[in-house]
Every structure is written in C-alpha cells, then in structure tokens.
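Worksheet for the structure shown next.
Labels run A, B, C, D and E following the written order; every chain starts at residue 1.
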Amino acid sequence: MSADFLYGIEVIINGLMAGVLYALVALGFVLIFKASGIFNYAQGVMALFAALTLVGVMEGQVPFSHVINAVFGTEIHHFGWEVPALLAIFVTLMVMVLFAWLVQQLVFRHLVGQEPIILFMATIGLAYFLEGVGDLMWGSEIKTLALGLPQGGSLVVEDWTAGLGGDDFYGFFIDKLDMVATLVAIVLVAGLIGFAQYTKQGRAMRAVADDHQAALSVGISLNFIWVLVWSLAGLVALVAGVMWGAKSGVQFSLSLIALKALPVLMLGGFTSIPGAIVGGLIIGVGEKLFEYMIGPMVGGATENWFAYVLALIFLVFRPQGLFGEKIIERV
Amino acid sequence: DLVFPSLSYRTGPFAAGGIAFADGYADYFTLLNERDGGIGGVMASVPECETAYNAEKGVECYEATKAEGALVYQPLATSITYQLIPKVEVDGIPLHTMGYGRTSAKNGEVFRHTFNYPVNYWDGASAGVNHFLDLNDGSLEGRKITLLHFNGAYGKEPIPTLEALAEKHGFELTTIAIDYPGQEQKSQWLQIRRERPDYILFWGWGVMNQVAVQEAANIGYPMENFMGIWWSGSENDVLPAGAAADGYKALAFHEMGSDFPVFDDIQTYVVDAGKAAGAGDQIGSVLYNRGLYAAFLAAEAAADAQEATGEPEITAAMMRDAMESLEITAQDMEDAGIPGFGPVFSVTCQNHGGDGLASVAQWDATAQEWSLISDFFPSDGEVVNALIKADSEAFAAENDITPSCD
Amino acid sequence: MLDEGYVTADGRQIGGVMMDMRGITLRFGGVEAIKNISFDIREGEIRAIIGPNGAGKSSMLNVISGFYNPQEGEVWFHGKRRPPMKPFQVARQGIARTFQNIALFEGMTVLDNVMTGRLTQMKSGMLAQAIWKGKAEREETANREVVEKIIDFLEIQAIRKTPVGRLPYGLKKRVELARALAAEPKLLLLDEPMAGMNVEEKEDMSRFILDVNDEFGTTIALIEHDMGVVMDLSDRVVVMDYGRKIGDGTPDEVRNNQEVIDAYLGVAHD
Amino acid sequence: MLYREAGDFKTSYPEDSQTFPIAFDRWRYWAVLAIAFLVIPFVINDYWASSLMVPFLIYAIAAIGLNILTGYCGQVSLGTGGFMAVGAYACYKLMTAFPDVNIVFHVLLAGGITAAVGAAFGLPSLRIKGFYLAVATLAAQFFLVWLFNKVAWFYNYSASGQINAPERFIFGTAVTGPSAPAWAQYLVCLVFVTFCAVLARNLTRGSLGRSWMAIRDMDIAAEIIGVNPLKAKLTAFAVSSFFIGISGALFFAVYLGAVEAGDSFGITKSFLVLFMVILGGLGSIFGSFAGAAFLVILPVFLKIIGVDVLGWPTEMVAHLQLVIVGALIMFFLIKEPHGLAQLWRLAKEKLRLWPFPY
Amino acid sequence: MLDDTKTETLLEVNNIEVIYNHVILVLKGVSLSVPKGGITALLGGNGAGKTTTLKAISNLLHSERGEVTKGSIMYRGDRVQDLQPSDLVKRGVIQVMEGRHCFEHLTIEENLMTGAYTRTDGAGAVSADLEMVYNYFPRLRERRKSQAGYTSGGEQQMCAIGRAIMSKPETILLDEPSMGLAPQLVEEIFTIVKNLNENEGVSFLLAEQNTNVALRFAHHGYILESGRVVMEGPAAELRENPDVKEFYLGMSEDGRKSFRDVRSYRRRKRWLA
C-alpha cells in the first residue's frame, strides 16, 4: 500500500476520533433541545465551568477568592487541602445539578411557552453570565487538569502498523486520550439513548419538547423534567470539559468548543442522540480529510468553515439533519 | 502625574498571557513610586483598561484614557496597534509596540509616533533562521522549515521575511495555518508528522501555544527543533505538557527568571505592601518580566525626557522625543536592578526599532524554568531592512506622508 | 365547454365546469389519503366536501391549492390541464382559501393580515416601496380601500388594528375569510369555516358565504361537518370516506344515500 | 391621561398608515432628529463620539438590517459579522480602486455588493428552516472571514492582512482617517442611520414587508395565499445585507479605520447584533435603536462605575460586566420577551389608561 | 341521572377575574361550581372567556402571561390556585385543551402514554386503560404507530381526549371537544363522555360551542358572555329558554331555521348588546 493512501487512512482515523470529541459536546445540546426545544448555547460554557470547578475543587481553591480579596483586601487563595479526583468529580456533579436547578428556577421557568429564539437568546445570556461567574469564582488564568489521563501517540499502534507501507510510512498515529474519549463517549451515548427511549421520563422529555402547554396539561412537571435534563447536560458538559481540558488546559477557549459542536448538531439533527455521534464522526473525518487533501491548495485553516459548509450541503438534501425528526409541515 | 495607561487583557481567550504582562508593567511603576517616589520626583500612574484583546475595546480604551495626559501606549496586540497607529499620529502620543505590531513602523521617518524597539517580528523570523543556521554550521541548503502560525495578521507577519530567507539560504519553507483559537490542531500535526520538517518556527498566542507543544510531544517531534516566537514561550505554554515539553525553544529579547535585584525590591515595596497588581503569583515568569521590561523602557524614556527638558511634568510630545533618542546602556539596567536583562540598544529617528537583537531560550522541564541558551545576536539586517523600507515607503505613498525626520 | 350550466331554484346562475379533478391519488409514504377520486366544481356553485375525520378532505383542498402534488391524476382548471405548480402560483390563478387550523399571521394586525391577501394584486417594486411617496403609496391606498370594504362587509371594523394573536377563535376564522376574500378569488376554498362556532356565529358566517357567492359570483368549495350548514348552503356535495369517493350529488341525493349514512351521518339527517 | 390618541382621527388612508399616526409621537420624533442633527454635533468630543455615539449609530444600522431578516422575515441569521466584513472589504477595495469617487458612493455600493452576497447565502433558506438555518448562516460567517484572511487581493497584499482606511472627504471635511473630526464622523453615521431607518420603515410597511412578515409567521400559509417564498426570503436577505454592508463599511472606514476580518468581524459580532435585535425587539425599528443603545452603552457604563467609581480591578469589572450583561439579558427576556420596544409600547398603553390600572 | 341538590361540590370557582398581559381584563367575576359526578357545560360565544376559565382552573394561564387577580378556585375545599398544573393532575383534574395540542412527534400510542405520566398504579393498570381507550376510539388503534402530527384533525381530537383518560382523572376539563369532528363522531365522543361519567364516575366541565349537543348531555349549564356568567341553570331548563333557543340552538318559534334564510330575517335583541 502506498504511503499516501495510508496517511489518508490515518487522517480518517484521527478524524473519527476528533469527531467523537465534537460529539461529546453536541450531546449536551441534543439533550436539552430534545426536552425543551431550547437551543442551549451555554453548553460550551458549561463544559468550561464544569472543568474549572473540577480543578478548583481538586486543588482546594477558595471560590470567589479574587473578589473577596479585592473587596476586603484579604489574601486568601486556597483552603490548603487537596481533594482526590473521584470525590472532586462527585462534588462537581453536585454543583452542576445545583446549577441546573437554579437555571430552571430563576430563568427558564419564567420563559415557558416562549418562542425558540427567545429561549435561545436567554441561553446566550446564560452563557455570558456563567462565563463571568466561572472567572470570578476560579480566576481566569490557565489551569492544568491533572486527572492522570493518558496522553500522546500510542506507540503500540504505531509500531504495529509501521510495516504496512514503505519507508515513507511511520505507522498510524493514534492519541491515547482520544481512545479514552471514544470509550467514554460510547458508554455515555448508550446510557442516554436507553434513557430517552425506554423510560417514562424519557418519553415525557420528548413530549415537553413538542408542546409545553400540553405537557403541563397532562401533568408532566416541566420543572422536574428540565432540571433533570439540565443536570444530564451538566454531566455531559463535565465529561466534555474533562476530555478537552486534558487536551488544552482549562481556560476560556474551552467554551468555544460549542462552535465545533454546532455543525455536528446540524448534520446529525438537533433531536437525535445517535445523530450527534454520527454527525460528529462525519464532520471529524470530513474536515480532516478536506484539510489534508484540499487544504494545502487553498492555504489551509479550512476547518472552521468546512464543517459548516459540509453540514449545509447535507441539510440542503435533508433539512432536518440526518437523524432529526422530520419537520412536520401541514396546513 | 506621569500617566502610563495599560491597555491590558485579563479576560478572554488570551487572558493567561495578558495578566502576567499587565502585572509586570504595573508593578514596576508601583515600585518606582514606592521606592523612589516616582520618576524624577513625579508619581507615575498606570490606569488600566481592559481590552480583552479586542480591537474595538482597545480603541475605546485609548480614547477614554488619552485625555488624562497619557505619555505612551503599549496595547499588547497587533490588531489594536493597527487601529492606533494613525490615531497616535494625529494625537501626538507615542505608541510603543515592543516585539509585536507593525514591523515596518521601525522606519521612524514614516511612522513618527510609533516605536517597536528592541525587536520586531521580522527580526524574530530571521533570528530563528540564524539559530538553525548555527546548528547546521551555516548552511540550511535542502532543509525543510515549517512555519506554523496563527491565522491572522500576527501570524502572517513573518511570511515575507521567511520567503526571502528561504531563497537566500536555500531551505524549503512550508506554512501551516491554525485558526483561532487553535484548540484542535490534529490535522496540522498529522501533516507535520508526515512531512517531517527539520525545523518548526511557531507564531502562536493563547491556548494555541500549549496545544501545539502538547501535540508536538504527542507525535514525538524533537523538541529542540521546535522554536516559538517570544510570545510562544512562557510557562503557560509548556507546563501542561509536563516532561514532554522539555527542550522546547522560544526566542527571547530579555532575560528569564527572577534572579535580579529588582525582584527583591518588588517583593518588599510592592508585594509585601499589598500593592501588587495581580495575585503576585506571576513574578519572575517570562511574561511578567516582559511587562516589567516594557515598563522599564518607558520609565527610562520618561526620565530622559525630564532630563532633556528640565520639566518634571513631561508631555506626550516630550516623551516621544525622548523615545526617539533613547539609549539603553548596561548602566541603565544596572541602576534599575536588572543588570544584563536585555541587550543594549539605541533608537534614532530613522530607526524606531532598536538593533533587532534576540536570543534563544529553552525550557527545562525538570527545573521548570526557561533559560537563555545564547547571547543576544542580530538578525539578518540586509534582508529585514530592505523589506521594512519597501513596506514603509508603500505606506507613506498610500497615505501621502513625506518621510522626514523633523 | 359543452355543458353551459343551469339556473338554481333561487335564481342563481351556475356555469360550466371550472375545476375538474380527474382520478386523483395522493399517498404519504404508505398511507393512501386519496384514492382515485374524480369530481368537478362548477362556476358559481357552492360545492361541499364532507366525510368522516381523516377521510382526506383537507388533503383534497391541499391538492387543489397546490400544496400537495398528487401521485396520480390530473387537475383541470378553466378547461386547461394544470401542470404541477407551486402554491403561490396557484394562488395567482385566482384560488384562495382558509385553513382548518387557523393559519393567520399571528404577529400582524387584522388589517395587515387582510392586506396580505392582496399581495397577489400589488405590483410596485422594491425601489418604489423604499421611496414610498408616489407609486407605492398610491397602490397601498387603493388596495387599502378594497380591504376596508371587505372589513366592513365582514363586520370586523372594530378589531382592525388588533394583533390577531389576541383574538378569540371565531373572529380569527372571520379574519381568515377576509384575507381570502381580499384576493378577489374566482374559487374560494373553505376548510371547516364554522368549526368552533355557535349557531349565531354560524349564521353570520353562512350569510357571508352566501353574500360572497351571490354578489361576487365567487365559486366556493366548502368542507364542513355541520350537516345543517352543508345541506342548507350547498348546491352539490361530494362525500369522501377513507380516501374514496362514496357519494356525489345534490344534498338530497347525498342524504339519502345509504353508504353515506353508514359511513358518516350515522342517522338519516332531516 | 398623560398620553392620548383620542381625538386624533384620520380622514384618509395615507394619513392612517403614516409612520407615527399619533401627533404626539410625531412631535417627539422631530424633536429627537433636531437634537441629533443640530445640537449633538456641536457638543460631541472624541471620547463620546468614538466610544458611544459612532458605534451606537453604526450598530443601529446593522441591527436594523438584521431585524429585517430575523424580526420581519423570521430567518435567524448568525452571519452578520461575515456580512459586515463583506461591506468593509468591499468599501476598502472601492476606496483604493477609485480614490476620486466620493466615499458616500463607496459605502452605498459596498452595501449593494453585500446585498448580492447576502442573497447568495440566503439561497439555502428555501429549504432549511429555523435553527438549522441559523447554524447554516454560520457557514457564511466562517467562510467569509476565512476568505478575507486568505485571499490577499482583498487586503491589497498588505503584509499583515490588515486593511487601513485612507483619508476621504465629504464637502471638504475628512470623514475617514485619523484626522477626521469627531462631529464629522458622527454626522456621516447619523445621515446614514436616518437614511437606513426611513428606508427600512418604508419597506416594512408596504407589500414587501407584509410578505416578509407572512413568511415569518407561517411560511406555508403565506405561500398558499400567494407569497413567493423565494422572492420574499431572498429580498429579505438582500435588503438586510444591504444595511449590514453599509454598517460594515462605516464600521471599518469611519469608526475603526483599520480592521482585520477575523478580529473585528468574528462570530462575536454576529451574536452582538443579534442580541441588540432581540433585546430591542424583533420586528421593530425603534427596537433596533434601543437594543443598539443598550448594548453599546451598558458595558461602558458598567466599566465607568466599576473601575472609575469603585476602583475595582479591571479584570474583576470585566468579569462582573459579563455577569451583569448576561443577567440583564435574561432578566429582560423574562420581563418582556418582545424586547425593549414592547416594554415601551406597554408603558404607553398604561399611560393611556392612567390613572386607571386597566 | 344526577340529583342536583344533594351531591358534593368538587370544583368551585368564586368570582374570579383574569387579566392577560397586565392590561387585558378578560374574566370579570366568574363563579361556577362542578358537582361530583356531574357534567357541567360552559357555553358562550367566541371570546366569551370559556377557555380562559378552564385554563384558570388548571393553572395554565401563567405560560400565556395571564393571571387570576381576584377570587378563588377551590377543589374539594382546598384552594388550588397556587398549585402546579402537575399537582392538579395528581389530584385528578386534567384538561383537554382547545385545539388538540397533541405531541406532534410522538406516536399516537406514546401520546396516550404521556397521559399516564403521573400515575403510580403500575404498568398493568395503565395498559388496561390503554386498551380501554382503544376500545372507545378504534380509529386510534389503527394509527397507534403514526406520529400524531400526521393524523387528521379528528384523530388528534380523539388522541387528546384519550390522553386525558389515561391519567384516570376524577374531573376532566374539556375544551370544545366537538370542534372539527364529524357529526357521528361528535355523538360518539359525547356518548363516551357520558359513559365515562356514568361508569367511571368522572365529572366533566365542558366548554362548548355546540350548544345543541352540550345541553343534551350536560346536567347543568352556565352561559358566559364577555367574561360574565349571564345565565345558569339545569340543562333541561336552559334548553327551553327562548333566548338560548334563538341564539344558541338556532331555533325560531317554528322549528329549525335554514341557514340559507339567514339573510332574510331579523334577529331578536340580545341580553347584552
């Protein structure tokens, strides 16, 4: 096999892995959208916030210490203890649940029945808010997430495959972190699909998405369902935050991964959990291949827009995305 | 008061770098105030204004602070620099873009109020190539160098220089762009892995830096052949990759570490007095030192201006004149408590950019510190100056400026 | 047309065939909503379509107004076969309609809603409208006069400037009728115009329908479940059931058709 | 009764469909215009112009543009930043290619070019709806920015990829370039804003505006009653982009003077303008102004309070700013989902009934 | 049949006022009561406030920016105004909303199952009730796997009622069930209402335009005009009232009028004009 061909394969494999990471973020969007018709722009910031909280808790940082110091002129920073990773993850989850509950009580409860664009706007407001709170709470400097996740190319795979091509081929490069992420994603998705399809709450969640008023009228508690899905989205955000945070440190830009998830959503369909995965994979492979093959001809850095254009092309043929619910058009 | 506005960014995507720089900039002036009673007896004030590395906010900050009698601006962003260059010409306030901004502003005949001493990006590109030349006994014939860069004004700045140098030294140049913010660089690094360039020059800022270092480690790229510009060589960039980052290089134009007398003074007069600009945890970091260095250069010029005019309360115009005749000597640095911190250099009307001396720093992951591994050495003036001349003259023609020195 | 029409008992002139549906079949995936149905609508008549829920009545209207393209069959309009068309092209041929589940523009006032009905008549270009003074304003005024007449006619003057979102159901239906009338259609399709109304309101609505038919000579196709209304108003009735046509004829014929009684009426209607 | 419309009867339809049917409103409108044109230019200084008034006016144009597309035609777009970039780069190319032509024409032409680009990117809207479309417009956003970054022709091959506005004059006064006086920049923007607002108002009250709103409220029904969706959507995209292009051109030429596509016209810009439109009120021209004013002034105001008055560290103020802006957005949406414009309308309704509660 | 005088009152609405958007006063003091085991009809023209009354009872006004500003609503003697809609469902009050409001993307069967959301009496009981609903509405059985969005208007109406039955309610608030239904179906649905009422003891508050049918099946009726109750009484009495006859039943002194004659006769004067 020619080296070029094998490199193409390598790009595809890595694209798939990248796709899994995109899908992790997209999943959070899907959950909330499915349950409430809310397009939650804050999902990216939630990932950042979750990761920040995790690091903060692990390192025993005093929340809001910056503010306290600035206002009272004190000099406090740390509690002086360190929290083991598992416990810290649990604490962070609790924080995310609390966050879900607050969001519901203070914001979305009052917006029941509003048009989607209004809800969308509210989530952008929420994103601003949460970003500010995250910064105030934990500070805006870069933090390293030391969960001990493996990093770097897998030598096993590389050695194993090095013989496939000629001298110009060095074996497949696969990042160990990506492999972990893939495993986690599979588990998460299986769980979520089971939840949505086979539980009473899952059905209620989809009902709520269709018609808030009618859901209320049959006795579904919007509050409960929404706190539930926001908590789930918080869980997904934490996972995404950990995976991305391990890659690039925990800092502001983590919130921008939301932008990578949007084309994934479009392509997979806003309401489909499997869609998020398949969409992620297609986008991952598509953009990497395009950058690999066409990129050099047009000057590179095509990934940001290519994902969107790819999704757009798919949408022209299937306006509801690959797995999205068919848009019902009747008069 | 002597007003040195600090257009800082402590939020947003580049906060990590902005915080350290702004802390250093502010702390140095605080030190002068606390220890020496200001500059020439006049207190310095450093009003901070948050730009978030955003051009619009930068302009707003500039407009908001310029009426307070600002002496010099240090916006710490190439994009903001471009907004301010025409404005400072009109307002008569000097602009100092230390190691960034518009390279051709080095030509003071055209850019009367803009200064970019002691080095600029084109010097940086050339210095990087010079370093690689050194490693190869003066010849890069047939070698492959890749420029990995931020896809924007800043990252594209070195390309013309590198193209000229590639022609001159016979190496093959490829450029790979990374889009903002650069958290995902998989395809770029797969491409690098495939092409195996001999050297990588890297123009990055923000999260892009650490991801690049991490990815380089992931694909097992030899770190000592991977060199960043001075904005891609701080602790933030290498710490996340841990031991794998050992040996990564970056250019520098001043010393690293906190082994200078000034830091003791900062500890006593600033930090212990509770007057530190930030949390006090950045002191001695690369970017903190850079902020401090920028403040030092500004303070020197201000002192020169006071001396030259005999007026303690100087104006922006006096400041500009002093910057134009700035001379940084070993003694100046010694006096300021930073002996040998940077190269000695001088500024003239024809040359607003200093002598273009740079050095190479390397990261030691076990000691967790950056240190310079070379002296300050010059860039390829022949190539760089020709490019500067062409670019600045084009600008002059476009804007009806007659280059002159008075 | 060979058939020149006739005059009804109460003296209205019914003309030749205006709309002729021939062998229409419409499928949605596996569901066959309309199965090989043919019927015609004559100029000037009031034609009712009745049938149980889900029989395919609304779908039939949708075929007429071009929203669905039937898989089989032909639509003949004014003696010409109509090629597949977009709904807005159909509208421009003079076919207007109301909807079963009110489809008003909720964010607009009643007046604006009715004015949208005249879009097919308004011709001034974008530039003229941007400048406004002159052509566009004149056109607006002229059309506004027509619309005001319709508003008067349907007795909704009082709510002219109210956003339709706030209106009660019955009034919405009336506004929908106004919007359809504003297009001055040759053929008016009404999908359950009297659903959700009380007798008094139905009487009003009936009066409007009769007036439109009488005064403007508008042909009307009407879906309605209130047999009183259907039998009293219509000249001819088509009965559908499960996508098939099970009856077609004058109200009297239909009401005595056993198949219709079994499938739809339940008991013979008086 | 502080505010009344009683006794204000109209005897002709044109009178009834004028912009401000109520005399009191009409007077207020003329008063605002008079102040804007005759008073402010004499008192404005650099700071007020460049940190508040000029950006406010320019954003108002962009908001009007987006409001036409999103508020009137119901097509959510997140491509505003990209379209502003088209306006800016078109204006730059025109300014440098035809230095002798008056800048006013350049700006208008830049709007025209943006309109064409906008219409082209509007094509998918025929099939793609709602949020899918919103996300699709991001394709325009990212692609355009990338294009202006990559293709050196757009920035006249300058080394940095930045574009700089050369100095240009109107009636002998510089309006672009560093020496342009604040009042001149302000006036140019004001004239364009007035022009755009009047244009937008005329377009939205006529048949075109109605066909947009029909598409917005129920596209299928609109099509069945005779609206050509292709034409309605594309004109909305074109008209909207025309305004956005103008605002982009002004943003570059008059306000900033130098821009780089990714930095100034990134995705945040798209969101910012969308905020303005929604906070101000979808489908309301007044709302576009209110939203733009709110989001331009609020951050500056918060900064002044936090840094200058309270003396808090800039970073904390910047973070608090995020928190407060975010919280206010949510608060307003909860209080009145239809924006400041609706709040204003309700206030008027209350005034009318005053002193009775309802 | 129900004896009006002795039974316990389930639902009592006392003089409520409802305001939309803080400015639009819609109900101006409405009082009514629903006895246990009764079918109570709420009649009135368009915009009279029937829907608003029902929504006020089931607490669905909030999401429409409406609120009850005066008066009280009691269920089994407890004030229920401040409860969540879901709490009301748990207490056995469920509303079938005007205009169907099925969950478009859920299948018919899933729609029905959402009705059982608040139930805790086990899957067996739920599926038995599902079977019961299918028996009442065979048409739904045929379409059980279709997404509700693609079913016809009538099918959706059945689905909405079936969904309410699935919650095993004590009281159903039924908003215009006959709207858009074929006459046969209207009879059917009312027969089902009657059966539910008689066999399962479900009480109904029924907002209807179709006065004719409503008064045939109801025990007691209220007539609402412009937000006020203008007449009330046992259904049989209302049916005989000349005004009701004229305006709600479409009868004149000499029997049913033809709709074709509407243009030629004059109306009687109304109570409130």
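The working rule: a contact is a pair of C-beta atoms (placed from the backbone, for glycine too) under 8 Å apart; a residue touches a chain by one contact, two chains touch by 3 or more.
Here's who's who by UniProt: A, D = Branched-chain amino acid transport system permease protein; C, E = Branched-chain amino acid transport system ATP-binding protein.
This one's a predicted model, so the numbers in the text were calculated from it and none came from an experiment.
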item	value
Shared interface partners, meaning chains that touch subunit A and subunit B	D
Pair of chains joined by more contacts [C-beta pairs], B-D or A-D	A-D
Centroid-based (C-alpha) most distant chain relative to subunit E	B
Averaged-CA centre spacing for the pair subunit D and subunit B, given as whole angstrom	37
Whole-Å separation of chain centres (CA-atom averages), subunit C against subunit E	29
For subunit D paired with subunit E, centre-to-centre distance based on mean C-alpha positions, whole Å	48
Geometric centre distance via CA averages, subunit E-subunit A, whole Å	45
Two or more partner chains touched - positions in subunit D	146, 149, 220-221, 224, 313, 315, 319, 322
Junction residues of subunit C - those touching two or more other chains	58, 67, 99-101, 103
Junction residues of subunit E - those touching two or more other chains	24, 150
For the subunit A and subunit D complex, residues of the former touching the latter	39, 66-67, 70-71, 106-107, 110-111, 114-118, 120-122, 124-133, 135-136, 140, 259, 262-263, 265-266, 270, 298-299, 301-302, 304-305, 308-309, 311-312, 315-316, 319-321, 327, 329-331
Subunit A - residues contacting subunit B, complex	7, 10-11, 14-15, 17-18, 66, 69, 73, 75, 77, 135, 139-142, 144, 151-153, 170, 173, 175, 244, 247-249, 251-254, 256-257, 260, 287-288, 291-292, 295, 299-301, 303-304
Subunit A-facing residues of subunit E, complex	58, 60, 62-64, 84-86, 88-90, 94-97, 101-106, 110-111, 113-115, 117-118, 147, 149-150, 160, 163-164, 167
Touching residues on subunit B, where the partner in the complex is subunit D	8, 10-11, 15, 19, 48-50, 52, 54-56, 59-60, 63-64, 66-67, 78-79, 82-83, 85-87, 89-90, 102-104, 151-154, 156-157, 159-160, 179-180, 391, 398-400
Complex contacts: residues of subunit E adjacent to subunit D	19, 21-25
